[in-house]
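Shared between the two complexes below is subunit A, which pairs with subunit B and subunit C, respectively.
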Partner chain A sequence: MSYLKPLFSHPKLPKNKLGYTLKEYEGSLSTLCAGCGHDSISAAIVRACFELSIEPHLVAKISGIGCSSKTPTYFLGNSHGFNSVHGRMPSVATGANMANRDLVYFGVSGDGDSASIGMGQFVHVIRRNLNMVYVVMNNGCYGLTKGQDSATADQGSKNKSGSINPFQAIDLASMAIELGASFVAQSFSGDKQQLIPLLKAAIKHPGFAFLNVISPCVTFNNNPGSTKSYDYVREHIDATSAKDLVPGKNEIKIKYEAGMSTQVEMHDGSEIQLNKLALDWDPEDRNSAVNALQKARAKDEILTGLLYANTDWNDLHRTLKTTKTPLNQLKENELCPGIKVLNQVNASFR
Partner chain B sequence: MKPTDVRNPEYYHKVVDCQYACPAHTPVPEYIRLIAAEKYTEAYMINWESNVFPGILGRTCDRPCEPACRRVRVEEEPVAICRLKRVAADQKGEVRQLMPQAPFPKNGKKVALIGGGPASLTVARDLAPLGYEIHLFDEQIAGGGMMRSQIPSFRLPEKVLNEEVDYILDMGIHTQFLTYVSSLREVLAKEYDAVFVGTGAPRGKDLPKLPGRQEGAASIHIGIEWLASVAFEHTKSISKKVIVLGGGNTAMDCCRTARRLGGKSVKVVVRSPFAEMKASPWEKEDAMHEDIEIFDNHVPVSFELKDGVLVGMKFQKVRAVYDEKGKRQLLPTGEPDVFIEADEVLIAIGQQNSFPWIERDLGLDFDEWDMPVVDRKTFQSTHPQVFFGGDAAFGPENVITAVAHGHQAAVSIHLFCQGKNLMDRPDPFTNLVSQKMGIHEWSYDSQIAADHRYLVPQAKKSVTLKDRKQEVELGFEVQTAQKETQRCLNCDVQTVFTEDRCIECDACMDVCPTSCITFTVNEDESQLRKNLLVPAENLTQGLLVSETLKTGRVMVKDEDVCLHCGLCAERCPTSAWDMQRYFYSVTKAYQMPAPFPALKK
Partner chain C sequence: MNNRINDFIVRFANVNGTGSASANFLFAKTVFRMGIPVTPKNIFPSNIQGLPTWYEVRVSEKGYLGRREGIDLLVCVNPQSMAKDVLSVNEGGYFIFDSTKKLNPEYRREGIHYLGIPMMEMANAAFDDPRKRQLLKNIIYVGALAKLLAMDESIIRQLIEEQFEGKKSLIEANFKALSLGIDYVEKHYEYPLSFKLEKRELLGEKILVDGNTACGLGAVYGGATVMAWYPITPSTSVAEAYENFCKQFRKTEGGENNFAIVQAEDELAAMGMVIGANWNGARAFTATSGPGVSLMSEFLGLAYFAEVPAVLIDVQRAGPSTGMPTRTQQSDLLAAAFASHGDTKHILLLPATPKECFEMTAESFDLAEQLQTPVILLTDLDLGMNDHVSEPFEWDVKRKYKRGKVLTAEELEGIGKFGRYLDSDGDGIPYRTYPGTHPTKGAFFTRGTSKDEYAAYTEDGAAYKRNMDRLTRKWETVKKLVPKAEISISSKPEAIGLLFFGTSTFSSEEAKDLLNEEGIAVDSIRIRAFPFGKEVVDFVESHATIFVVEQNRDAQMRKMLIMEMDCLPKKLVPVLNYDGMPITADAICQQIVQYLNPKRLSNHELSKTAV
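Right, the complex of A and B next:
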């Protein structure tokens, strides 16, 4: 088995605005099972960061425990990383983000890490609208412990050992919308065409961006009867829209038929352009997003694409009115402004 | 684009760039792996079967394989294929018992070989085991042709040459050395079933019209004639100041030999720019290392004499100008002519064919350039009984090309002697075998070594310049050779794709270190090449296109910079990718189905 990637790359590999190739965004060779959907998501993250010309040292990857949480080793090898305690990724991400708002935060989690042990943390990070990308690599099973049904396994889904899941699934995307997440999307590891623009939009989103990515477990949950297998997902996928992130307002937009296209504007001037496939759905209306999800579920379909986006809500830094300077750049005179200021502060409490 | 037909033996053959570029199609990666496994004898035999002269070629080959090496497309230097071949020859054990064992039962057919060089010797080797009675004629004292007369001993020791020539001659070949064949008519009259002409390109080009050529004749020599005269020890010294005209490998051999025979100031003067000289880059390097100056862009004007004795030459300085089609013209720069001192001049500006001994009324046609009309596939002339090969067939090439010609001519002669159709040629032998040893284990070294090319040690200049027979290159030491073998990318271990197993998880596309694999919607070839992850701009390299997959896409693999690292197959959950070793061997005459059933009684 190979543990090292060959050092050679394609001599004509394209370069981004920083002069980097995809290679500079890759990580170590994956040790996950061959064909794992998580590897595709890693590859999509690599490509999204490459295409946005993000400087690798300005990214922090934070994860919990599980197959999904191993993946930060396999992408963005030149970025910061923190492999935290099971289900506690949001706390660590919150702390890191509070200390330095200048980085792009990737929280990587799985269905076990988020929907079971880390549910409490998941709920509260949404409430706070922490500016981060929260990716759940959702395979509906505990792959690291031999494939037991997880909390996101669909009711009636058959696992590899043949048992049928009797419990209702937690729908993380619906839940995120309900809890007030400001950006919610759903995708499939096997559809990079959709996943990469979604990741780019999520990175650009000024607040909590949640991506629930169905990611088949080839070893324990890719069997007939599973609702998270490559074949099942491909047959039941229903995209809300075809989309592309347009980085600047002045750039040429793809023309769609009237009434079929909608834009979601980002604060930095870029916008997500969507070619609507579901006509009665409006990505900036929570009710219509929830409705679309419910309708799809009733039809046994997996609705993918951008489900909901709200760029007006304050993120945690704005809510708490924190300093714009990362803590590691604050000098002594700013941190310790002297007796005069202390007296003023004390006086304000009297 | 249509799905690739991998059942065509040439598809996977073309992926093995070195083997495909080799005129004799020697299975290069196969023998490099054997060297890596310290199986030198086996590595030698793979070579011997294919190119007949591994020890000789391991020192002197023109190496068309090396510029073709895939490694050049991902880093700077190719694998030192040629020098690894020499390692197999240097380190081999006893090989004679692995070769066809004479005496062979006779089949009653007689073949005459005119000329004793690599082409004729190859025909002899391929036909002798089939029971042909072979008569070889050469004007020299021993076999080997230009390998003996033109390649100097400091590049090819006589011992190595004799050994490999003798492997063939000892197969019961009737040799008639020191015999100049002066008439093809006489040969044909002797009731040979077939005649093979491998007389090379024996005439060195001259500059007969250059002023001073006649007057200075005593100090002006034709390069190949002079080299032969050195090789056969008629010439043992040369003057101190020597000019060598020409920029090919013969010129390099001339100047380096001159350095060893007493030439102190040896200068190579060539018409073309340095970069366009015909000599191999390593030959030029070796010459310059021996203090030989190379003057490029100098066109000879005259031989200069004083009191009837050659004192030097005059040259006009030129520069190369290219038209839109890239055709070169050498235009005078207008600078005054240059005088270069010399006591002797060697003219090594090219070679020509010459067939004064072939009568023109035998039904053997010659073309407008006075070259025999020879079929490129069968090597048969317009006289059905007469076959050509080597430099004699289509003009000066190299040893490995002569060997390739010899193999095909032998096949033709064998078919001809059985009264069969010469166009009905045997298919190559091919074999495709999975290298899978376990879930993620391969039976070949799939890791990609990033090492740069290792240098072959050379003997000290102080030693080599004193002794004409002291070999300059010492060959790789075994440890270095082992490291060099690891640079081979095993291009013959093919990435074989099975559509109906693919679940389109994209793992292969994600992991491929050189971005060769793309799953995309099918288009025509030119569009498809543009649509890949990295556009496939190298049109000399094929695309492996699958049948349409479940989602309506196709898998497209650009063969261009595939490292054959096996990661696609390792990351494939369903073994839709497999690494399979492809063995391709040109079928030689003696490997063809048993002939002459009537004669076996």
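Right, the complex of A and C next:
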């Protein structure tokens, strides 16, 4: 793109704890199609980071290839970003995270990137419980190559050219829970009320946080008969709950009757909406979460909200017992054992 | 066969998984401790238990460390391979076998000596535990060799004590087995044989170690903190060595790790992790073999184009495809140098000894960061997994890591707009920043797509071309920084050129001596890196005929020389070996002599790599 966003900002824009306005969290102008669900997700990420007062430069954004993977350019312009190789974002994020455990890692991927070419890496980054936020912008089709069905397209869904998808869909959220992801949420790009708090909870989650966000493709998959169109998703959505996981400060306790919904004010002033919890629903119970997803699927519903969370599992750094100092900040004298040791090593080979 | 001292080959024929490796190593290490140059080679199948495996030990007073054909003494404890093993013994040589069972008459042949030793019978009588019997049977033949070859028995005992430090019963059992072998030979055979060992002091400070261990240690010294890898023969022991040394030398006082090792789900992920970690300012590396290089190719192209440092150790094996996973070759040169699509090329480092494995691994991190590009260290199974006599590892106390052009927060304050891909210094190398350096300056987007000097996405052909041309300028800088070739000039104007690298070095050096004996003067050059420096160009230009020695079918190094320096292909004569066994000096000489004088050729005319 040859044009830039206007630099002007209103002097009375609200500021967060760091004194930053939303502006400091924005990126370049999007080159995606007008109305693309992905842009709404980018905007939600901007909002979530602003509200959590995260230092933008202490975030690393990593993606694979595809429309979704282009989005890291469109948020957090003061963060380093890495648009890597198709389906391989998880490995790049793993390496980056190993090098510096102190940054916030945003991995952005799509349904082609994660559910097809990158399925192996998706599975294994979950297994390792890498401390990162993994967002799949899921539109059920390949946008950049003009609308082919992806592996998350629902069976029977009609694509723009009118053909019906004969294959079963891969349900990334169910799969993530099954594989042991320590935080799994599902949302809809058109529902920022739900998406922003989920993103915030994901950022604060001390391990692998997976967000599967249904994000309609306005150009290639927003037609009647598609199960990833705006209209279809709005009609079939069923929220479970959202739950905040801000660690540290006093726990925020809320009380509400089953079947009711409530709003909770967060430590930093933002608000989180907690929808009703079904009586048999426990987001810390994997069986319960998987059952609910399967039941919703049978009813053609898309279950959104926080589906599962477990903060007890060790993230990869704790598993590997790495030092608290980021590895990329270790000094030469901490890394090189020196000549005396080398002489001992030599002696052991004589 | 008349009274040769310290010049012979012993081969052990064993069954995989029977604990023979440590007994065989005990033999080789004893020769080493006796101060005599020795080259052990493990010839093993892709199998955990049951298939034939061989261990070949060349003893060479003259210090020739390459392999040579011809076996003087064969210790055969594997009935499966016996028929072939009998035939492999040199005329006049010795065949030691387990005579617990009578030797099949089919295995008798004229011209060699048979020395039967009832190893299993003695082991069964002396030891109760069936597993121990199996293991100690191997020590019995070491005892027999001790007597037959006049080995220093006190050294053998000392090595056993070192190996089983503190485990008295094991030491005693091993000593007992050793004595059984010694006593049996004393009672039944004449000793020593016509060839034998004699103590020397030829090794000085030298060490006996394999290349993979040296690479693992080099990575620790080179400051690598992240290793990601996927198991593959013959590179796995690089990861194991790195981990072992890290556990010894990279713990904090509180017992935490100043390193992170991730066993990846495949080689693609391993390289992705290495690139992610290097991008984020940690020195990171992986080790693999040919099939892994194929899988890593896409990522290598990304790292080349996005200019992210990466270190890859490729311990080559015989390809293509799965090839011969446990056999050696130098056949990944082209795949590694040009890994990935588009106009891509990579730095190769070509170590020949464990010491160079150590040094070049450490140096590869400097080069990768200085040049912001992948560096591929090409070793092979022979160097990586076999023990080699090597100069000891050295480390200059004044040495500092060269972290390349990385801007700090203060430096970012001092400059205007940061241009990630600007060639500010004219050497083609731009400046980079690590994530998290500065709140508002220095952030940029890394991508495999085309971009302008400020890292902004662009499909402008002119900007793309400017970037590619800058990468070419950087490639010129690379040539000045990579290790120089080693050249030896004979002072004879008619000398032929001999060009070699990596594990072809030992046999090439030996071949030089053999050719000199034949009256053929040789100038030699040992390539240590790609791209080639000016000294390589000069050498090629100043010789009419250059024999290019390498261990692959397609003469890959020769092709690279032709590609890089526009020389006449005819002046570069391929000398090849690609049967999966390390190249021998005889093979090199034969091919050269045949080329120089095709009429004179006969296999018998050349003296055996002798003596």
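FYI, the second predicted complex is superposed on the first by the 300 of 350 C-alpha atoms of A that agree within 3 Å, B and C clash if a C-alpha of one lies under 4 Å from a C-alpha of the other, contacts with A are read in each partner's own complex, and residues count from 1 in each chain.
In the analysis below, a residue touches a chain if its C-beta (ideal position, glycine included) is under 8 Å from a C-beta of that chain, and two chains touch if they have at least 3 such contacts.
Since we're looking at a predicted model, the values are computed, not measured.
Applying the stated contact rule after C-alpha superposition, one finds that A:G112 touches neither subunit B nor subunit C. Once chain A of one complex is fitted onto chain A of the other, the partner contacts of A:G120 are limited to subunit C, with no touch recorded for subunit B. Of the two partner chains, subunit C is the only one touched by A:V92; subunit B is not. After overlaying the two complexes on the shared chain, residue contacts for A:G140 are found with neither subunit B nor subunit C. In the overlay built on the shared chain, the residue A:V218 is in contact with subunit B alone; subunit C does not reach it. In the superposed pair of complexes, A:P11 makes contact with subunit B only, with no contact to subunit C. More residues of subunit A lie in contact with C than with the other chain of the pair subunit B and subunit C.
Once the two complexes are overlaid on the shared chain, A:L58 sits against subunit C while remaining clear of subunit B.
Legend: residue contacts after superposition of the two complexes on their common chain; A:K321 is shown touching subunit C, with no touch to subunit B. Touched by subunit B in one complex and by subunit C in the other are residues 1 of subunit A. By the touch criterion given at the top, residues 73-75, 439-441, 446-448, 450, 503-507, 509-511, 513-516, 534-535, 537, 550-551, 561, 563, 565-567, 570-574 of subunit B touch subunit A in their complex.
Within the complex formed with subunit B, the residues of subunit A that make contact are 1-2, 4-14, 22, 29-30, 33-37, 39-40, 42-43, 189-190, 192, 216, 218-219, 222, 230-231, 234. Contact residues on subunit C toward subunit A in their complex (touch as defined above): 32-33, 205-209, 217, 220-221, 223, 225-226, 228, 245, 249-250, 252, 255-262, 264-266, 268-282, 284, 298-299, 302, 306, 392-395, 397, 400-401, 433-440, 443-449, 457. Only residues 1, 55-58, 60, 62, 72-73, 77-85, 88, 90-100, 102-103, 120-121, 123-124, 128, 316-317, 320-324, 327-328, 330, 332, 334-339, 341-342, 345-346, 349-350 of subunit A touch subunit C when the two sit together in their complex.
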